[in-house]
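First the structure, in the form of C-alpha cells, and then the observations on it.
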Amino acid sequence: MAGYAAIVKKDLMLEVRGGRITTVLVSLALLVLVVLVFAFDRAVAQGPDTAAGALWIALVFAGMLGATRVVLSEQENGCLRALLLSPLDRATIYAAKLTASFGFMVGAAIAATILAMLFFNLEFSMSLAALMLVLILGALGFSALATLLAVIAARARGGELLLPLLIVPLFVPALIAGVKASAAVLSGAALATSRDWVGILIAFDVLFVTAGYLLFEHVVGEE
Amino acid sequence: MSKPIQNALGLSTLVAMLVALFMVFEWVPTEAEQGIVQRIFYFHVPCAWVAFASFGLVAVAGIFYLWLGGQIWDDLGHAAVEVGMLFCTLVLITGSLWAKPIWGTWWTWDSRLTTTFVLWLMYGGYLILRATAEDTPQVSKFAAVIGIVAALDVPVVIVSVRLWRTIHPAVLVTRQGGHGLEDPRMVATLLVSIAAFTLLFAWLLMLRFAELRMRTRLGALAREIALIRFRAGAA
Amino acid sequence: MAAPVIETHALGKTFGLTPVLRETDFRLAPGHAAVIIGGNGSGKSTLLSILCGLVSPSEGSALVFGEDTRRFSPRYRRRIGMLSHQSFLYPNLTARENLEFYARLYGVSEPRKAADAWLERIGLGESADDRVRTFSRGMEQRLTAARAMIHNPALLLLDEPFAALDSDGIARVKAMIREAADEGCTLVATAHAQLEIEGISFELYEIVRGQVVEYQEKDEARRGGRLRSLLSPRS
Amino acid sequence: MEHFGYLFAAYSVIFVAIFLYVGFIWRRQSALEAELRSLERRLAALGGSTGEKESSAHSPS
C-alpha cells in the first residue's frame, strides 16, 4: 500500500514538474472537437448525439496517447526495471499505473466536456454530473486496457502502431454503451433510463480492471 | 502429431464434407420464403461455430501457456487464432453474400454481423501481433494475455451489440423469420454440416499446429547447434 | 558452512538463437564477495539480471537465498540491491525525492531521514534539491549507488560499479561498498579487469565462452599481465 | 433458381479459401521438413544429441 501511494505521488509530482501529459491530452481533445465541428454540417452538428460522439472520440484518442504514456514514462533510465526489482508485486505496480493514467483521462474528459458544451451549445445543467459519471466509467475501462497492453507498444516490433489496433476493438462494447448513455443524458433524459448502458460500462470496468490486475505480471516481465 | 492421424482426419473430413454438400444441394427442401439462396445458411452457421470455438481455444491455450509454460501451448494458440480468423472471414463473406439478395444490402449493422465483425477486428489485431513481432517468449506472453482478454470481451460485445440494435428501430426484417427450419431435413442438414466443419476445423488446426511444432523444433535444433559452436569457442 | 546466498545449477541463457550463458554452476556463501571478469557482451550483465529475478534462465536454475529466481517473492527482492548501468533515476525529480521514493518502495522506515543521510554520505547534501537532470555523470553515478543501497540489502549486485566515476566518486562508492561488506552484505560485482577494494577479499571468476569459471592466474599472466606490462611498464 | 450466383459464390469462396490455406501449409511443411533434416545432419556432424528434448528456452517463467 505504501508502495502504491509512493508511485502515485511520484507520478503526480512529475506531472506538476512540467510533465506534459495533461497539456498533450487537453490539446488533443481540443483538436478532435475542432475537427469534428468543421467536419460535420453546422446544422446537423448541434444535437446531443453529435456531442456525445465527439466526446467519446476525444476520450479514446486522449486515452490512446495518455494512458500508454504513463507506462512508457517509466522506460527512461530503466525505471520500470527498478519497479520490477522492488518488493512491490506486479499487481500493485499495475494499480498505481492504472490510477495515474485514469487520472489523466479523467482530466482530459473534464476538459473535453467543457469544450464540447461551448462548441455544441449544450445546456449547462444537472445532466453534467451524469455525463461525467458515464465518461469516468469509460475512462476507467480504457485505462485498464491501455495500462495492461501499453508495454507491448514499447517491447514488440511495430508495437506503437499495433496498440490502437488491439485496444479499440476490445473497447467497442464500452464505446457503444458510453456513447448511447451520454447521448441520452445530454438530451435531457435521466441517467436511470440508461441503466442497461451504465450496467455494461460497470461490467466492462470490473472485468478489465480485474483482468489487468491479474495478468499484468505476465506482460511486464522480461524474457 | 503423427501423420496417420492427420491423414485419417483429412479423409473423414472429405467424406463428411461430401455428404454435407450432397444434403445441402440435393436432399434438403428449398426454403419457401428466401428460395435457394437460403442454402448459404448450412455452411454459414458452421463457419461461425468453428470461428467461435477456435477463439475459445485461443483463450484456453493462453491460460495454459501462462500457467504451465511450454511452447506447445503457444503454438496451439497461434494455430487456433489463424484458423479462427480464416473461418471468421468466411462468416463475414458468406453473410454478405446472403444479405445482398435477402436484405438488398451487402452490409448491415445487424447484431450478429456486428458482433462477428468486432471479433474479426479483435483477433485480427492479435494475428498482426503474431505475424509482425519477433518470435520471442515475451511476444508469446503478450499473445496469451491478449487472447484471454479478448475472450473475456466476447460476452460483453454480444450483450452490448444486441442492446444497441434492439434500441434502434428494426429497419430490416430480423433473421429469425428467415430460417425457421420448419422441415426436419433442414435441421439434419445443418447438424451434418456442423459435424463436417468441426472435422475440417480439427484437421486444419492439426495441420497448422504440426507446422508450428516443426518450427519450434527447428528453433530448438538451431539453438543447440549455436550452443555447441559457442561452447567450442566459435562465436 | 552456512547455506549459500547464490547457487546456480547448470544455468544457461539464450536470447533467440544467441547463447549468452551456459552450464554455469556458481556458488557464493553469505558475507563473501565475488568479482566476475569479462569483456563486453560476455554475459556478465545477463548473469546479474538473472540473479535479481529480472530475466528468467533458459536452462538450469538460479537460487538466491534458497529461492528460485523464476518465482521470486517480494520479501526476497527486498534483500537485493542492484547497481546497474542504467541509473533507475527520474531526471525530473530532485536527488532527495528520488532517494525518498525508492526508500518508500522498499519500505524503509523514515524514508526522508534515510534519504538525507545517504545524500550526506555521497557528498550530495548541497545538491539535494536539484533535479537529477542537472547532475553531472559522476554525481548521477554516486546517487545511483546510494539508490541501490538505501534499503541495506543483504546481497548487492554491482554491474561495473566504477565505470563512469571520477576518482573522488570511486573512493566514495568504494567506501560505501566496504561498509556494506562490513555489515555482512554479500557482494557480486562485474568488471572488465580486476577490482580492488581495500578490506574486501574478492573471489575471482571470469566468464569463458558463457561459462562462469574460477579466474586462472596463468591466463592473467598471459593476457592481462602482458597487456598491462606493455601499457605501463613501470607498475 | 433465383440468386443462384450468390449461393455459388458463397460456397466457392469457402472451398477456395480452405484449399489455398491447406496448400500453403503443405508447401511450408515440406520446406520445413527439408530444413529440419539438414539441421539434424549438421547437429549429428557436430556430435551433439539429436535434440529430442525440447529446449525450454521458450518457456515463460
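The first chain written gets the first letter, and so on, giving A, B, C and D; residue counts start at 1 in each chain.
In this text, a contact is a pair of C-beta atoms (placed from the backbone, for glycine too) under 8 Å apart; a residue touches a chain by one contact, two chains touch by 3 or more.
The structure displayed is predicted, hence computed values, not measured ones.
Once CA atoms are averaged chain by chain and compared with the all-protein CA average, the nearest chain turns out to be A.
A count of contacting C-beta pairs for B-C and for A-B identifies A-B as the more extensively joined pair. Between the CA-based centres of subunit A and subunit D the separation comes to 41 Å, rounded to the whole angstrom. Each chain gets one centre point, the mean of its Cα atoms, and the points for subunit B and subunit C are 50 Å apart. We define each chain's centre as the mean of its Cα atoms; on that basis subunit A and subunit B are separated by 31 Å.
One inter-chain figure worth recording: subunit C and subunit D are separated by 46 Å, centre to centre, where each centre is the mean of the chain's CA atoms.
The residues of subunit A that reach two or more other chains are 218, 221-223, listed in rising order. Among the residues of subunit D, those in touch with two or more other chains are 55, 57, 60-61.
In subunit C, the residues that touch at least two other chains are 14, 56.
Only residues 12, 14, 16-19, 22-23, 209-210 of subunit C touch subunit B when the two sit together in their complex. If you check the complex, the residues on subunit C that touch subunit A are 15, 49, 52-56, 74-75, 77-78, 80, 82, 84, 86-93, 97, 101-102, 104-107, 131. The residues of subunit D lying in touch with subunit B in their complex are 1-4, 6-7, 9-11, 13-14, 17-18, 21-22, 25-26, 28-29, 32-33, 35-36, 39-40, 42-43, 46-49, 51, 54-55, 57-61. Those residues of subunit B that touch subunit A in the complex are listed here as 66, 118, 121-122, 124-126, 128-129, 132-134, 136-139, 141-142, 144-146, 148-150, 152-153, 156-157, 159-161, 163-164, 167. Those residues of subunit A lying in contact with subunit B across their complex are 145, 148-149, 151-152, 155-159, 162, 165-166, 168-170, 172-174, 176-177, 180, 196-197, 200, 203-204, 207-208, 211, 215, 218-219, 221-223.
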